[in-house]
Every structure is written in structure tokens, then in C-alpha cells.
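Quick heads-up: structures coming right below.
Shared between the two complexes below is chain A, which has chain B as its partner in the first and chain C in the second.
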Partner chain A sequence: MKKPVVLILISIFLLPVIVRPAIASEIWLFAIFGLGANLLLGYTGLLSFGQATFFGSAAYVAGWLMKIQGVNAFLALVAGVGVGAASAAVVGYLCVQRSGLYFIMLTFALNQLFYFTAYQWTSVTGGEDGMPGVPRPAISGIDFKDPLVYYAFVSLLFLLSLYLMKRIVDSPLGKILQAIRENEVRAEAVGFNVPRFKLLAFVIGGAFSGLAGVLYAMLFGIVPLEAISFVFSGNVVFATLIGGSGSLYGPVIGSFVFIWLSESMSTVWARWPLLLGVAFVFVVLFLRGGVVEAWHKLSLKFSSGK
Partner chain B sequence: MILETKEITKSFGALTAVNAVSLGIEAGSLHSIIGPNGAGKTTLFNLLTGAFAPTSGRIVFDQQDITGTPADRVAHLGLARSYQRTTVFPSFSLFDNVWVASFSTSTRAGLAWRNANAYPEVAEQANKALRDVGLDSKANQLAREISHGEQRQLELAIALAAAPRVLLLDEPAAGLSPEESRRMVSLVRGLKGRYTIVLIEHKMDIIMSVSDRISVMHFGSLIAEGTPGEIQRNPEVRRAYLGGVAA
Partner chain C sequence: MLYALMGLGLSLITGILNIPNFAHGALFAVGAYLLATVAVAIGNFWIALLIAPIGVALLGLAIEYAGIRRLYAAGHDYQLLFTFGLALILSESIILIWGPIGYSHLPPDLLRGGMDLGFTMYPKYRLFVMVAAGLLVVATWLFLEKTRYGAIMRAGIENKEMVSLLGIDIQKLFTVAFALGAYLAGIAGALTAPIRGLNPGMGPDMLGIAFVVVALGGLGNLLGAIAAGLIIGVAQALVAAYWTEASTVVIYAVMAAILLVRPQGLFGIR
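Right after this comes the complex of A and B.
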């Protein structure tokens, strides 16, 4: 097995010993969210400020299905992935018509549209109070109410997501998306329908976001309005950049740093986002490849020093 | 005629960049398009490859009307182009640069699932394109790390990797040293006969030595067409183009 996978497996086993299982679960589900976001950001070169649209929509729909309709967790997850992909198809279709700044603003504006819909539609979403009382239904007798069991479930789905994403980025599709990032004009000229491939990246990313959204709702038993807000959209971009948008594992490390920092610091110091801000400025100015690049540089120095 | 334009015109607002140009490219020939800067040569290429749709007129490729066909579809029909300003995938290896082009026109099976290394026939086609331009020894280097001259060769290799029938080369020797220029000319000469080639070039010595036919553009219009010898003797061409230097 390759080194990163071994490291991840070790972390999965050690993490619940170090932090509360709820935080540990949040780290891996946010990593799933990050994997999807990074297919757009890192691989296709599209900065989407609207990833929470898919995350939140899936969380609401699956939350409602489980809470009101009594649907089981498996179906809720499938529905969440579907809602994530479908909302990403609609949003993506509109956004890929434009590029650059207009593209970014469109992802943001459509996110706001979904946000205010959730905000207004209080009878279903609970508006500002969020949608509480989302259950964690059992799958074939396995009781997810035990935090550790749920943690194991989230970890498993994370590993599955990582495997799927690895297959995707190593496939021709992964190369085509990167070619679009590198040179859109040439990608079109050699025969790729660029908007269609961008849309495909949106839909795949949306499916991952949807899965993460449902896991989030089940984890906390509530879908807060925040889950569909631009703050969440920003967070995932932010975590991905800190981890390193250029690699598959970047968003995983980013999620680790971001969630751990925010959960551990928020109880100690109310102004903790300042730390994230400083980290972000540092990454943008000096370390464009994020933590992954820092690691490479360090290990190079280490091995050459010996 | 494998490629034909019928009275194609492209206007950008008040500017008519290409004005009622009717051009016929014989299959297997090397047909050059010359003309002063701003004559509309590159715009003509953009029309032929579907980057822009013409304002009026028609484009026929292999008996098929391709007017208004988008660029990605045109590539699949067998028309490939190179760019005057180097347009490659900078942080890709040279191999990956040509790989995406050859994948594009081959199979799409296993698109999002099969490993990109598991397409031997695509890899073979990509390697062949690199060999054709003499870059096979640098396959694993990154495109942004090779010299300008080599990037021009890569530019050509990407076009070749798509296994086209017609190659549109937009000033392949742009910005090259005399030595590199000579290498490029012999490269293009080596491709002659294997592909139908439409060549835009400024360097007269290149044009006169490799072309079967030459078309001359001036202010968006076609003002002459003929063999290199005929073009050299044409008084109108001398006045519009060559004459500018002599006078």
C-alpha cells in the first residue's frame, strides 16, 4: 500500500482516541466534501464559491426524508448523492456558460438563491433555526447512535470516496479536466467539448458534496441554515487550499487542519478564525501547494541533509 | 478538393477581417497562405476550425458542409491546427500533452474509470507524434521547462497526435532562430505527402521552397493564387506584399 493510504488508515484508528468521535467524524465527512470541491478547484481550475448549495440541499432533502418520511439511512444517503448531483447539474449548467470572474459570481449568486429559499421556507427547513431532529436510523441492525459506530461508518464511506476519486483523477477524465485547467482553448481545439466536461466535474463534485451533507445532518442531528450558506462554500475552498489543491490528498489534510483547528480553538479563544486567516495568507503568499507542498519540501530537505 | 471555403466572410463590428474568401485545398498538397500582418490569415484559420462561426459563406470539408460546426467537433472530423502563439498544456509532461490530443480522437471507453495508462494504442499514437517532431527523448519533461523552439515542435506534435487528415499550421516557425527555423522547415517538409497541409508563414524562403500552391491575402480578401513561381511574378502581389519591401 502506498504511504498516504497507510497514514490515513493510521489516522482513522488514532483519531477517535485523540478527539471526540463527533469531531473525528466531521473531519472525514468534510474531507469527502473537499474531495468533490477539489475536482473543480484543483483539477479543472474552476473556483466555485457555491459548493454548499449541493451539500446543504442534500442535507435538507435527506434530513426531511429520514425525519418526516422515516426513510432508512441507506436510502437517505442515495437520495443525498442524487440531490447533490442533480443540484450541481442545474447550477453547473448555468455556471459553465461563463468563465473567470463571472463564473465565480454565478456560483456565489446561485448559492445565495438556494440559501434564501431555505431561509424563507421555514415550514420545511426551519429557516434560521435549522431543521432539528434528524435521526440516525439503523442500517440492517447496526445502531448508528453509538458515536464510535457512526464514526466507523463515516470513515468507511470516506475511504470509499477516496478510492472513487482516485480512480477518477487517474482516468482519462482526470487528465482531460487538467488539460482544461491548463489550456481551455487548446483542449477545445483537440476535440473536447469543454463546457460538457466542466459540467461533468460539477456533477461528480456535487455527488460527493451531497454524500458529505447527509453524513453531516446525521452526525449532528440537525441541518443548520449555515450548511447551505456561502460560509460553508468558503470553508471548503479554504480547507482545500490550506491542504493543497494540486493533489488528491490536499483536501483531506486541509479538512484535518481546518476542522481540528476550528473545533479545538473555538472553545479556547473566540477569535480563533484569526488564526485561519493568518494561515490562509501564508499559504497564498508563500506556499501555493499548501501543506502537501510543505511536506514535499521538508522531506526533500530531510533526505538530502542526510 | 478536401477543404473548400465558399465566399466566407467574417466581420467584427465594422471591421471585415475575412472578406468573401473562396479557397480550395487539394488533398495531399501543401497550400500556403501569405499576406501582410492583419490580412486575416489567422482569422481564416479560426473560421476553418470552428473557433468562430463565419458571418456568411460556407465551409466544406470532404464533401460535408461544416459551416458553424463547433471547434471540438471539427477536430473529430480530422482537421487539426497549431497556433501562432504557443498554446500547449504548460504543467503537463510532453507525453501528456500529446496523450490528451490522441485520446480525444480515439476511444472514449472507460472515460472516468479505467486508468489513463491502460490505453496502449493511445500511448503509441502519442509517442509516434513526439517521434515525428523529434521530441521523443524528452517525453517526461514538462512543457513549460523546454525551450521555445522545442515548444514550437510540441505545438506541432499536439496537432499530429489527433491523427488528422488536414493540418492547419499557423506560423510554425514564429520566433525561431535561423537554425531552429531550418529544423522546422525540414519537419514540415517531412510531413508533406502524409497530410494535407495548410500553412501560414511570413518567411518567404520557407514558403517558396515548400509550397505546392500559394494564396495571397490582403486586407481580408484573396488577391492571388498560384504556384510559387506564378506568385513571385504576379504584379499585384508584388505591389501589395513583396512590393512593399522592393519600393
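Right after this comes the complex of A and C.
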């Protein structure tokens, strides 16, 4: 096994010892979300500012299914993945027709559209108060009410997602997406249907976001309105960039840093988003390429110093 | 009219600097809070109205100088992240300084109460805002259309390389454009304070609207931004009157539709 995988496995076992299982679970589910966002941002070169659309929609639908319809967790997860992929298909279909600033603004507009729909549709979503009382139903007798059991479940799904994403990225499809990132015109000229592949990246990313969304709803027992807001979209972009976009493990490291920092800061100081903003600015000004690149540079420095 | 001011400022920034300024809403909020603070501190609304937007413009100047300047070559992702981070810093600072609870700020004595327009009573202050914002829009438009520097700015939107080839300091142009955009956001915020009161959520709300206006008017299309601001303002009021729940949803649906069908904006020619 390669080094990063070993490191991840070690951290999966160590993490619940260090932090509360809820935070540990949040780290890995956010990493799933980040993996999906990174397929767009890092591999295809599309800055979507609307990833929360898929995350939030899936969380709402799955939450509603489990709460009102009494559906079991497995079906809810499948439904969430489906909703994530479907909403991403719709949004993606519209967005891939534009590029640059227009693309960003379009993802933003559609995110706002979903946000305000959720905001107004209080009978289902609870509006500003969120949708409380999402249960954590058992799968084939395994009781997820125990936070550690649920943590194991989330970790397992995370490893599965990581494996899947690695397969996707290394597949011909992944190579085509990277070709689009590097030179869209050339990819088109070589004969690839660029919009179609962008859309595919959207759908796959949306499915990952959807999975993360359902896990999020089950973890906290509530779907807050923030889960579908553009700020949340910004967070996942940030987590991806902080770790390093365009590398498989970037968003994993990013979520790790992002969630850990924000969760530990939020208990200390209510105004922690201020520090988050400072961190954004700092990363952009001094640490472009994220932790992964900084690590590379650092290790280069050390090896040349010897 | 206020929407037109916001849209004009944001359109200037997106048009000339080619940067999605997610801090525009926060600048708006800072303008409002500055006005309230200065007005209370020195007891004069008019001086505060003069000072507050200048403060925001200076803030914009500092932001451009310290950060955005280094990001022109970077991708949109980093520019966006930077302004997004700024927005977080500004809005959290607002909560830190002024507290999380919204409060109201009264218009000056001179403008309190209503005015009989013959067919209806209308609050004096709102009339004042309409006139003031209208004058500002006209002034900005005249500056951009009739002065030499305004012409350079418009040229900057059209073709940056050509402008810098002609020996014009494009860096300075960017700085001025950002400061001017910030000024417009600040004064829009300052004017809003006595109407809608102050609360930390006002920035993000306005940010969304400003982007809608810019999209509707066309990126970098200044006249379009003014017209779109008016249209959105009227449309929102109308939809809100007949179908309150949908007013915000409709606005973003319109924005998405415009971006899809006419990305050059309603009034774009290109």
C-alpha cells in the first residue's frame, strides 16, 4: 500500500481518540464532499460555486424520506446519491454552456435559487430553522445510534469514495477531464465532446456531494439551511484549495484541516469565521497550491539541504 | 435606485478588473454601519453621509493595494476565494464591533415624516434617497461618459492591453476603479441605513441582488447596470406585492435565465 493510504488509515483509527466522534465523522464526510468538488475544480478546471446545491438537496430529500416516510438508511443513502447526481445533472447541463466569470455567476445564481426555495418552503424544509429530527435508522441490525459505530460507517464510505474517485481519476475519463482543464480548445479539437464530459464531471461530483449530504443529515439529526447556502459552497472550495486542488488527497487533507480548525475554533470563539476569512486571504496570498504543494516544496528544501 | 448604485459599482469592478467581487455586499454593509456610527458620534447626518462612503472607498483602496493587486494573474478561483474571505472578515468584524443584533437608525429631522404628493403620501426620506441616488448615478455616468478619465475606464473594460499600450498606467486605473466601486457600494449602504436599519445579514442579501443586477445589465455594461437596477427594484416590489414568497426565488431564476439566454445582458450589443 502506498504511503498516503497508510496515513489515512492510521488517522481514521486515531482520530476518534483525539476528537469527539461527531467531529471525526464530519471530517470524513466533508472529505467525500471535497472529493466531488475537486473532480470539478481540480481535475476539470471548473470553479463551481454551487456545490452546496447538491449537498443540501440530497440532505433535505433523504432527511424527509427517513423522517416522514420512515425509509431505512441504506435506501436514503441511495436516494441521496441519486438526488445529488440528478440536481447536478440539471445545474450542470445549464452551467456548462458558459465559461469563465459567467460560469461562476451561473452556479452562484442556481445555488441561490435552491437556497431561497428551501428558505421559503417551510412546510417541508423548516425554512430558517432547518429540518430537525432526522433519524439515524439502522441497517440490517447495526445500530448507528452509537457515535463510534456511525463513525466507522462514515469512514468506510469515505474509503470507498476515495477508492472510487481514484479509479475515476486514473481512468480514461479522468484523463479527458484533465485534458479539458489544460486546454479546452485542444480537447475539443481532438474530438472530445467537451460539454458532455463537463456535465459528466458535474454528475459524478454531485453524486459524491449527495452522499456527503445524507451522511451530514444523519450525523447531526438536522438539515440546517446553511447546508444549501453559497457560503457552504465556498467552504468546500476553500477546503479543496487549502489541501491542494488537482491532487487526489488534496481535498482530504483540506477537509481535515478545515473541519478540525473550524470545529475547535467555534467552541472557543463565536466569531471564528473571522479567522476563517483571514485564513482564506492568507492561503490565496501566500500558499497557493495548498498544503500538498507546500509539503512538496518543504521536502524538496530538506532533501537538497542534506 | 439603490440597486442601480450597487450594480454600477460591481459592474465597474467586474468589468474592469475582471474579478468576481464577493466582498461587494460587505462593503455595502460597512457603509451603512459607518454612517450610523459617525452620525451618532458627531450628531450630524449630512457630514456622516459624506464621510462614510469615503471611508469605504479608502477601505477599497487598501484592499486593492494589499491583496487584489497580486491576484490579477491568478485564476478566478483564487480571486473569488480572496474576496469571499474578505467578505467573511468584514461581516464578522461588523458583528464584533457593532454586535449581532440589528438596530435602526433614524433619518435626520429634516427628512422625517411624509410628504403629500397629491395622489399619495410618501416618506420624505425615501424621496430623498431616490433623488440622491439618481443624482449619484447621473454623476457617475457623466464622469464615465464625459471626462477623459472616464473614457479611459471604459476603454479599460473594452481592451486592457490596448489601454496600457497607449501608455496609461493600467494598475492605477484598476485601483481607481476598485475604489470607485467601493465608494458606490458604501454610499448605497449609507443611504439604506435609515430605511432598512442595520443588521449583519444585510451584506450577503445585497451581494446576491448586486450580482443579479450585473448579470441583467451585462458584465461591464455600466448603462445596462443602471437600467437593470431599476428593473430589478421595480420587479421585486411588484412580485413581492402579489406573491411574497417567490420574490427572491424569481429574481435568481431571472438571473440564471439571462446568463443562459443573453449572457451579454439585456442591453448588451456584443
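Here, the second predicted complex is superposed on the first by the 306 of 306 C-alpha atoms of A that agree within 3 Å, B and C clash if a C-alpha of one lies under 4 Å from a C-alpha of the other, contacts with A are read in each partner's own complex, and residues count from 1 in each chain.
Simple rule for what comes next: a residue touches a chain if its C-beta (ideal position, glycine included) is under 8 Å from a C-beta of that chain, and two chains touch if they have at least 3 such contacts.
This one's a predicted model, so the numbers in the text were calculated from it and none came from an experiment.
> Do chain B and chain C fit side by side on chain A in the superposed arrangement, or is it a clash?
Overlaying the two complexes on chain A (C-alpha atoms) leaves chain C and chain B fitting together cleanly.
> Contacts for A:41 in the overlay, against chain B (first) and chain C (second): which applies, first, second, both or neither?
Second partner only.
> Looking at A:190, would you say it contacts chain B, chain C, both, or neither? Reply first, second, both or neither.
After superposing on A, A:190 lies in contact with chain B but is clear of chain C.
> Applying the document's definition of touch, where does A:281 land relative to chain B and chain C: first, second, both, or neither?
In the superposed model, A:281 contacts chain C only, not chain B.
> I want to verify the contact counts: of chain B and chain C, which reaches more residues of chain A?
The partner that reaches more residues of chain A in the superposed model: C.
> In the combined three-chain superposition, what is the angle centred on chain A between chain B and chain C, taking C-alpha centres, to the nearest 10 degrees?
80
> Just checking: does A:113 make contact with chain B only, chain C only, both, or neither of them? Give me first, second, both or neither.
second
> For A:273, is the partner it touches chain B (first), chain C (second), both, or none of the two (neither)?
Touch status of A:273: second partner only.
> For A:174, select first, second, both or neither according to whether it touches chain B, chain C, the two together, or no partner.
first
> Which partner does A:297 contact after superposing on A: first (chain B), second (chain C), both, neither?
neither
> Just to confirm the value: shortest Cα separation between chain B and chain C in the superposed three-chain model, in whole Å.
It is 11 Å, taken between the nearest C-alpha atoms.
> Return the residues of chain A at which the contacts from chain B and from chain C coincide.
No residue of chain A touches both chain B and chain C.
> Can you list the residues on chain B that touch chain A in the complex?
Residues 49, 51, 70-73, 75-76, 80-81, 83, 87-92, 96, 99-101, 103-105, 108, 110-116, 119, 158, 161-162 of chain B touch chain A in their complex.
> Which part of chain A faces chain C closely enough to touch in the complex?
41, 47, 49, 94, 97-98, 100-102, 104-106, 108-110, 112-113, 116-117, 119-120, 231, 234, 237-238, 241, 245, 271, 273-274, 276-281, 283-285, 288
> If we count contacts the way the header does, which residues on chain C are in touch with chain A in the complex?
Residue positions touching the partner: 14, 18, 20, 22, 67, 70-71, 74-78, 80-82, 84-93, 95-96, 204, 208, 211-212, 214-215, 219, 245-246, 248-249, 252-253, 255-256, 259-260, 263.
> Can you list the chain A residues touching chain B in their complex?
Those residues of chain A that touch chain B are 167-168, 170-176, 178-179, 182-183, 185-194, 200, 204.
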